[in-house]
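Each of the next two complexes has chain A plus one other chain: chain B in the first, chain C in the second.
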Partner chain A sequence: MDITQNYFEFLALPVTYQLDLQALSERSRELQKTLHPDRFSHLSDRERRLSVQYTAYLNEAVSTLKNPLSRAQYLLKLKGFDTFSESQRQLDPMFLMQQMELRESLAEISATADPEAELDALRATVEQELRSLREQFDKYYQQSTPSSFEAAAVCVRKMQFFDKLGREIEALEDQLFDE
Partner chain B sequence: MALLQIAEPGQSPEPHKRKLAVGIDLGTTNSLVAAVRSGESTTLPDEGGSHLLPSVVRYTEQGVVVGQAALSKASVDPFNTIVSVKRLMGRGVDDLKGLEGEAVYRFTEHEGGMPYLQTVAGDKSPVEVSAEILRTLKARARASLEGELEGAVITVPAYFDDAQRQATKDAAQLAGIKVLRLLNEPTAAAVAYGLDKAAEGVIAVYDLGGGTFDISILRLNKGVFEVLATGGDSALGGDDFDLALAGWFLEQLGGKEVVAGESRYLTEKARWVKEQLTDNPAVAVDLDHAGQKISLEVSRTLFDDLVEPLVSKTIRACRRTLKDAGVTIGEVQDVVMVGGSTRVPAVRSRVESFFERAPRIDIDPDRVVAVGAAIQADVLAGNKPDSEMLLLDVLPLSLGLETMGGLAEKVIHRNTSIPVARAQEFTTYQDGQTAMMIHVVQGERELVDDCRSLAQFVLRGIPPMAAGAAKIRVAFQVDADGLLGVSAKELSTGVESEIQVKPSYGLDDNEIAEMLKASYSFAEDDMALRNLREQQVEADRLLVSLEQAMLTDGEQLLTAEEMEHLREQMAILQALRNGSDASAIEQGVSVLSQASDFFAARRMDQSIKNALKGHSIQEIEGES
Partner chain C sequence: MAYSEQVIDHYENPRNVGKMNDQDDNIGTGMVGAPACGDVMRLQIKVSDDGIIEDAKFKTYGCGSAIASSSLVTEWVKGMTLDQAQELKNTKIAEELALPPVKIHCSVLAEDAIKAAVADYKEKQAKKQ
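Then we have the complex of A and B:
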């Protein structure tokens, strides 16, 4: 397998943050039809194993590119900025303060009069923030200078915070309305 | 060169020779086998004309009885008659304590915590019991199809974890069945409905069987069935409805203690009442219990109230799974009902009101899974080279590793498309640490103790370093059946350790070999012959596929030298294959496989290029 090919090339898609998700899933389907182990089930062991590896690579490529956060991280990695495995980097105190406040309101939601409405409001805030961070990221990424990639990496780190908060909102919702 | 191409790629070189492949639904209550004949998939009946084989195995001193004959003795001979063995698959002794109603068996704990059932014919593992059911179905298929089976697609609940899947595959191996694929039951049902032909869109499959519940959300597109998310409960089913009603019976009887046979008597009565209530608003039942006779009237309303908490549990799972799939109720175009328990009117009406549409019930919910599995088996055996159908599944439960403090660190999240390979790096926590325990778990909870333990192994030979200096890379690989393999490697030295995950409650390969041996009356000869035959089949498979690959792509992708070299290697294997030395053939297969690996890789790259050809040209044109 040509591992030197990046995910975009592997899927014959242009290297861009504004990815056409429809095209992504079409390419993915076409390649699945060629590569999936079920296409090799009546062939030799060797070919089956090879096809498992290829399909796993394809699935990894698709899931990385589909998610806006990991897609941003992947683009930066191609430019030499690895935000996948870095441990906590310093973010500005204003941002951290805001995060603390949001977290506090999440923690207090179950005690409010209308938790469902509060959760929806909080979710809307998180989505709004994520949208604007994605726009900023794209802008910095397209400027394509070492300092703009640095700024794009800061966007990614902030997205990670909001992404995590979003997942916690989902978890709390399950907990509150499932039982 | 094209003139020489006498067979279509992917087709058997002898087109008239259709390969026999079946679909098997190994159910909690009933099992079925189906096959595609004259283009249509149908379930196969036994000589008495019945299609459903009760999943009941009875051990007697004279031998093993499977099916209806065993079922009829279930309450007379409870310890030797195993019902609902599917609920025991891949489970440890501790898990069983939580399973009400299974308490009737006497278990022996064997090495590794796997529970064995004590019977008059000795201790039997759940895998062996399942293998008996599979053997019966295999014999039925052989008799109806008049030939040797190429293999089978066996269905499992989508929500089965790795241990349960592995146990199912082991049972098939024990029964001498080659598994073409472990297929998720809801996906099989979607295939049976032929939804690929008509639909493009999102469907939900609600599958409530005897002992398991699954909900799957699938997206269909031009023959591709893509599972978006799956959820459920591998210990919730119609059996629990019976138990709820049996519990009520017991209350009416004054709540006396019951022994095994009597509790089974009450659940059988309960099942009968449940079935009657499908078409009647109320049913009268006579109970003869501990010398006491009473008559009770059970209304559908009463029954609905008793099972309400169970039905609600399934609806909650539906809601969560829709969310995981990122799909709203309005986007769901069709709801398909699977499993005998969906006949319960309360289930139908709750599903209908939740999804805001009438569910589809036009195919017999007991047979639909086997029918779908047979269609897939026919494709996988290579009988339909032009089929566009492709079934893409997801991992039902997250896979992870134990880290410091008994926490589970997820490596692959649930609902990730499979096959998938992923690695994570870990480090040592003590100075001079030379070994590391790798504990693989499955489940969604934070604490290892709340997840299912799949396997433990130790990576040794790490060079002594300061704490945190060693880098250990643990790689997970999940295949299309949802089965996991794990390897670990210390990166600075390359010390490696690899295991095929054999679940903590599973059988290891030696145990399976032992059981296989025991199951043949002429043990040694039979085993040797069988082994030889298997190796020959594998050699043929490789030779045929290579021959075809060379015809199609040899000219284009191989140099004359490479071609000649491969030809020589193939001749060597052909010669070995015609002999009778199984291990020499095995060796030969491995040599030729390695020698042809580069060719297989080139072909794969070639097909990727072909698959994307049109697009690359468009994009280049678009940019210029």
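Then we have the complex of A and C:
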């Protein structure tokens, strides 16, 4: 095991966006077993410290790769495009307009006759958009040119907005129906 | 994280929330967003024939600091010339609202929004001629 390897290598998985999630959880379980602290109880402090480090790296790797958004961001980072820490970027005004409208309809949902149905419809829209952005991301990423990575980064930025919208839909749902 | 009193004031009583018709020639609309936090901001200005900002409206979906930053900008730009509005600096906004370092990007967003609104208005005027 080597924590200088990237997350994919560390987990012995192919570096791809179309990640086999089943394989991810299997590999993670196998590694967790070999890293279990009980197995190290007879070892030196240094070795135990290493095992803690490996476990932390493993957890980080699994949570990053499991989520489709952070997996996309991580793949781009491996290619030198850091979308994790950027805050301001020029974005397509039409896209922002659509985001604005979607947020507006979310804000108005609790006042509609059937908020549950409206929420479901909005969630379906968000999921559909995310699916299509993930497909586009994968296509651009595979083209593997500087301009296609830039296009893939645009997909990631858009995913971030839909991700946020998805979380807000969930929050509103909890607020409206989980009392 | 605790918000400053100024942020809370703008957050609880946002000034100039609303929408103006972005098809009108004398309206400039700026749309900006921050991918990292998923915030979106729309800032609009209404400009008189002699180039003074008569009115400003905003709508922001985001955190308290982003709402406060855009609310403050709409207050400030009323009565300004386009050039003055374009020179508005995020540092002034951050200072006025006592934004902590992690929220500075919200003031940058508001600066970008007013710049985009002025640019949109100028573009419309250029097209007319």
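Simple rule for what comes next: the second predicted complex is superposed on the first by the 168 of 179 C-alpha atoms of A that agree within 3 Å, B and C clash if a C-alpha of one lies under 4 Å from a C-alpha of the other, contacts with A are read in each partner's own complex, and residues count from 1 in each chain.
Assume contacts are C-beta pairs under 8 Å (C-beta built on N, C-alpha and C of every residue); 3 or more make two chains touch, one makes a residue touch a chain.
Note that the structure is a prediction, hence the values are computed from the model and not measured.
Of the two partner chains placed by the overlay, neither chain B nor chain C lies in contact with A:72.
Of the two partner chains placed around the shared chain by superposition, chain C is the only one that A:83 touches, whereas chain B remains out of contact.
Contact comparison for chain A: of chain B and chain C, B touches the greater number of residues.
When both complexes are overlaid on chain A, the residue A:42 reaches chain B alone and has no touch with chain C. In the superposition on chain A, A:155 makes contact with neither chain B nor chain C. By the document's definition of touching, neither partner reaches A:126: not chain B, not chain C. Once chain A of one complex is fitted onto chain A of the other, the partner contacts of A:109 are absent, as it touches neither chain B nor chain C.
For the contact definition in use here, the residues of chain A common to its chain B contact set and its chain C contact set are 85.
Residues 1-2, 10-12, 14, 27, 29-39, 41-47, 50-57, 59-60, 62-63, 85, 170, 174, 178 of chain A are the ones touching chain B in the complex.
Touching chain A in their complex are the following residues of chain B: 10, 19, 180-181, 221-222, 224, 226, 316, 319-320, 323, 379-382, 388, 390-392, 416-422, 425, 477, 479-480, 538, 541-542, 545-546, 589, 593, 596-597, 600-601, 604-605, 607-608, 610-612, 615-616, 619, 623. On chain A, the positions that touch chain C within their shared complex are 83, 85-89, 91, 93, 96-97, 99-100, 103-104, 107, 156-158, 160-161, 163-165. Put simply, chain C touches chain A in their complex at residues 31-38, 40, 42, 59, 61, 105, 108-109, 112.
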